[in-house]
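Structures given as structure tokens follow.
Note that chain A is present in both complexes that follow, paired respectively with chain B and with chain C.
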Partner chain A sequence: MTDAAGGQHYGVGQVDEADVIYGEEKGPTKASQVGSKLTAWLWALPGVLWLLFFLVAPVVVIVIFSFFEVSLVGFEAWTWTTENYETIFSSSSTYVDTLISVIINAAIVTVVCLVIGYPVAYFLATKIRSQRLSIALFIVALAPFFTSALIRVVAWIPTMGRNGAVNEILTGIGIIDRPLSWLLFSDFAVIIALTQLLVLFMVTPIFFQLAAMDKSAIEAARDLGASQLKVFRHVILPLTRPGILIGSVFVFVLAMGDFATYRVIGGGRIGSIGVNIQNAVSQIQYPVAAAQAAVLVVVMAIGVTVLLRFAKLRERL
Partner chain B sequence: MEDRLVGPEADADETQREDPGRSEGDRPTGRRGLRLQALTKHFGKIVAVDDVSLDVEHGTYVVLLGPSGCGKTTILRMIGGHEVPTSGQILLDGEDLSRVPPAKRPTTTVFQHFALFPHKSVVGNIEFGPRMSGLDKSEREQRVNEIIELLGLREMRNRKPAELSGGQQQRVALGRVLVTRPKLLLLDEPLGDLDRLLQLRMRVELRELQRELGITFIHVTHNQEEALSMADEMVVMEGGQIMQSGSPTEISQHPRNEFVAAFMGDNNILHGSVREVREGQVVIDGDLGTYEAPNPDGRALDEGQQVTIAVRANAVRVAPGSSNGAVNSLAARIQITEYLGDVVKVHMTAGERSLLAKVAESRFVEVSGLHGEPVIASWNAEDVQILDD
Partner chain C sequence: MSPEGRERLSTVLLAAYYGLFLLFLYGPMIVMIILSLQDSRGGATFPARGLVDSFWYDDLGSASQAAVREAIGTSLVLAVVVGLVGGLLSLSLSMAYRRLGRFSTPLMYLVLLSLMTPGLLLSLGLLFWWDLLGLGTPELYPTVLGAQVVWALPFGFLVMLSIFNRYDESVEEAARDLGASAAETFFRVTLPIVWAGVFGATLFGFVLSWNEFERTLLIATTATLPIEIFSQLTTSVLRPSLYALGAITTVGTLVMVLVVTVITGLIVRRNTRAQARADAALAGTGLEEVTEAGSPAQPAPAG
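After this line comes the complex of A and B, so read on.
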């Protein structure tokens, strides 16, 4: 009978005793556990209250409203009907078509933002040697956010309009004969404008992910014979996946819920859910607007869930 | 790329271990093994490595030892291809590697803090190298399994690095590089992240592994004890230069200069001037007494020349009594005794100077009884080492 700890041979592949030693040191006392639990809840409180008042409550109200009956004064409270949902899903309604086109546009915007944003984040986080400079450049990249979103959206009109800068330049050089009409008030224009508006929501999480990444893993991969491309594919990309996902969720959700860009750049020709809801509201059809909003929330939730599930974000974080 | 695949087999016999990938004919001229030739590296105005030359035979366990900033890691990184030398050459079997990218070198590195891929499992980490070199699946699996068996990682093969203890991570880091069968394994402070108990065990494991594989290990550390216990060949560095290289016993018993003597610890450093040189013996007028030292290298010493000598602590005897003015003995008083288990460190003062002796554990009671009493610290002439300037 040898002593369990002392009697074993110290060979290769033996379980570390260190594990056992450290394992015992965990587990705080009961009293401190209660204390730390209370502190944890206190820290969570502002966030919980915020979410209750500004997210959960409005969504609940909207869902309740969406089942009220439409009347001349707006709605008949506490008279239940599913008619509003039937209305928006009826063949005469453009809601579903709009929803599909908005989803497609949001997906395209997300991909474009990723394609443009990743190199920017990569450059800032890894190619700039001085951390100070890389933060400074990052703040410069954020500069467009110093102005209001509406101004940035409106600025696209003189840029992309029929007599706007882009058309003037292209006709001036002689690349095209007549001004391109699809530069503004089109899906293309909406996608461009949304990309410009949202690309930084992609750059930011990827930038921080890259900056926090252990650079020696890259060196190790090189050392083990990986080419630049393989280092990227097998090490950098997987390690920045959480950043990519968070960025994608931001961009996708914001693009889907967008109102101002569709309104101004779409010029009323390109429908968005936001514009649809606003139309319903202006026609005093509050329950219909509520139903449209409720469906949008559900669709976004499904989209985000699919995205996260697909990429097993939890495991990576 | 070919070179990485033809490294020594883990279980190959001695003859096969001798570089099977090359025939005599296609090898460029030059000796076998690693040779650093006037290697220099500047970072801006800072000279990190200053004209370092070193020869290492195949199958040697080399430890680069020195305080932080001495250039040891920079040398390792240059050998691995992660830094480009400012000047000088790195020759492996006569072939200059200085401009070869790391991926193409027959070297691999175990990085400080391991640098494992956090998103990959143990298997994923280990098979990375073979995958990158385009080895086919069955061969890859076979090699990975060999390594997993060799390092005893079978039970945790599907775990992620975050789920492993420090010692296990260390083993994965080793497996990840050994699977590529390098000719030269570079280890940057490989034991730095482990607690002491584990360090002691990993020293033996690393040493065993190196013997088993028969490849050259170059290990960087700032820990003297670690270097002494592991190295075939020790290289002590300071200020970008090699202070002394040699076997652990050489470095420990015959430090060449004051830096090495002081850095290795447990040396008494004394000063004096040469009184007389006769037949390999040097008599020195010291600040505290007369010393006698051998002069095995037959170095030229003038009478009156200032010299520094080192006497190892474990060569110093401690006995009660007052000094009789004999050669190599000093009157001293004991300040503190330190019980270290196997030895007792006796801290003494002789005049203004402090002296250190290491005596057997069995003398602890006796020696601690001598606190404050006059004692004689003495040593034999052959334990005195005259240091270079």
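After this line comes the complex of A and C, so read on.
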């Protein structure tokens, strides 16, 4: 995701080709080949085990837990029931409302990220002549991504509150008479804050794709008399479609799973799946929390499938 | 308007738009930093009172903020450990990635999966996983450490890939041909070339751990700094001391990201140049064809 991944377009493929050539045509003997494959697996082992134990297993365990029975100490392991799902989808539960509202917000955030982020990626990748400057400006936009998400959410309070910076400026220059109260603690606030947190997931894949694009296609189209708009619609946009898809999947899944933004500056009435999960955990209702979270796991799985199927993520990186 | 004029106009407009975009990203942080610089009369919102003063920064040292200082200590140590473990695992995963052939694709997906996992989902899963294994209450080490390293790995891994991407594999071949063992080759040839990447990955891990919140929330039995900040947010009135804390961590993080970027950029450039020199030297001697034909390569004359 840094300047880093910038060169990745070319590199990843090259390594593979080299492997194939060395393996099949020339290079080391069979024995040392087996040795080097074994070494490769040994190099992979610690990281792979770590990821299986601390990432894959916990996510799978959530789905398993969602079918356990609730008990006083939290759950009754290996006693199966679908009751948790019946509870959260029952008519007395607000879960479906929350789910719908979170899905709508995540969809809005995804579209807003695309609309806001695309011109940034386009500007950095095609309008800046010097590659080094373009990467430097990209890093300037990327850097806030690594700062604390919680602090960034908190920073919206003095920015968009009743006496916040935005209201002060708007009343100061006379655009509005009274401060706007819906800027904070609302769905609007959540959408703005999530866009700010996640927009780089959209900018990054599109930026790298545009940067790797063969500029001569654009020149050619332009020489043939195509307008800027036509060039964009028929040449540039189709080329960046995979980048848009990758960005959209990441933004949508992460916006749906958000906790801190909804908790700190959301409207509070409906909340989010994340907020629900935290509440259920604090009441030691583990299987209920698991059932609510299982929906997120399903969304995540769909996202991964979409990426595997359509985006060829690896070639784009 | 001429096509050139239109082109220039669109560049200027887009540049202005990029400026607005930066304002969107950095604006709230700047507001927070301004309000952190009030004096004792200052509150959580405007109007700002008594700028510029270090009152709320000094307040972080007061007795009432002991919990914050303790959390800072916890987070610092944790962040160093996450950085080191993350850096080493990024190195080993990237070493594997170069040689795994068709298995390198699933490996990359496994590493990148962490980017797409909502943070709260991970800490919820770890809470359950620990329970199911009968390991009792999750602890900072290894539970939180595990979660945070998972979060740091994709970034460290991508840093390492960008280093190896401009790395000339033939130096390893040459070392092996000259009789170096696998271990010697790694420690005396590979590592000296890529160590700065490992350092960059470590700094990334440090920064990501320091700022990590949702992956830690449900399994934090000892408060890290973000957990302490969250508990202050939910239990007491928002005060500028929290802005001061936010300002320090934000500026610190930005500086470290800058350092990582510069290091990665420099090493990639150095390796690209070394590669270009080697290519030029080979081209000059005609050794390239010999090498490709499969006979042992002579070390190319320097320069």
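As a convention for this text, the second predicted complex is superposed on the first by the 239 of 317 C-alpha atoms of A that agree within 3 Å, B and C clash if a C-alpha of one lies under 4 Å from a C-alpha of the other, contacts with A are read in each partner's own complex, and residues count from 1 in each chain.
As a convention for this text, a contact is a pair of C-beta atoms (placed from the backbone, for glycine too) under 8 Å apart; a residue touches a chain by one contact, two chains touch by 3 or more.
None of these values were measured; they are calculated from a predicted model.
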Max touched-residue count on chain A (chain B vs chain C) belongs to chain C
Regarding the shared-chain residue A:Val61, is it in contact with chain B (first), chain C (second), both, or neither?
second
Determine, under the contact definition given at the top, whether A:Leu296 touches first (chain B), second (chain C), both, or neither.
second
Have a look at where A:Pro179 lands relative to chain B and chain C in the superposition and call it first, second, both or neither.
neither
Name the contact category of A:Val140: first (chain B only), second (chain C only), both, or neither.
second
First (chain B), second (chain C), both or neither: which does A:Ile277 touch?
second
What is the contact status of A:Val264 with respect to chain B (first) and chain C (second): first, second, both, or neither?
second
A:Trp41 contacts which: chain B (first), chain C (second), both, neither?
second
Looking at A:Leu254, would you say it contacts chain B, chain C, both, or neither? Reply first, second, both or neither.
second
After overlaying the two complexes on chain A, where does the chain B footprint on chain A coincide with the chain C footprint?
10-12, 16, 18-19, 222
Complex interface listing, chain A residues touching chain B:
10-14, 16-19, 214, 216-217, 219-227, 230, 234-235, 238-239, 316
In the complex, the residues of chain A that touch chain C are 1-8, 10-12, 15-16, 18-20, 23, 26-27, 35-37, 39-44, 46-48, 50-51, 53-62, 64-65, 74-75, 77, 116, 119-120, 122-124, 127, 135, 137, 139-144, 146-152, 154-159, 161-165, 168, 196, 199, 222, 228, 249-250, 253-254, 256-260, 263-264, 274, 277-278, 281, 286, 289-290, 293, 296-297, 300, 303-304, 308, 313-314, 317
Give every residue of chain C touching chain A within the complex, in rising order.
3, 6-7, 10-11, 14-15, 17-18, 21-22, 24-29, 31-32, 35, 44-47, 89-90, 92-93, 95-102, 104-105, 107-122, 124-129, 131-132, 146-147, 149-150, 153-155, 158-159, 161-162, 164-166, 169, 182, 204, 207-208, 210-211, 213-214, 217-218, 226, 229-230, 233-234, 238, 242-243, 246, 249-250, 253-254, 256-258, 260-261, 264-265, 268, 294
Chain B - residues contacting chain A, complex:
1, 4, 80-82, 101-104, 108-109, 111-113, 115-119, 128-129, 132-133, 150-154, 165-168, 171, 176-177, 180, 195, 197-198, 201, 204-205, 208-209
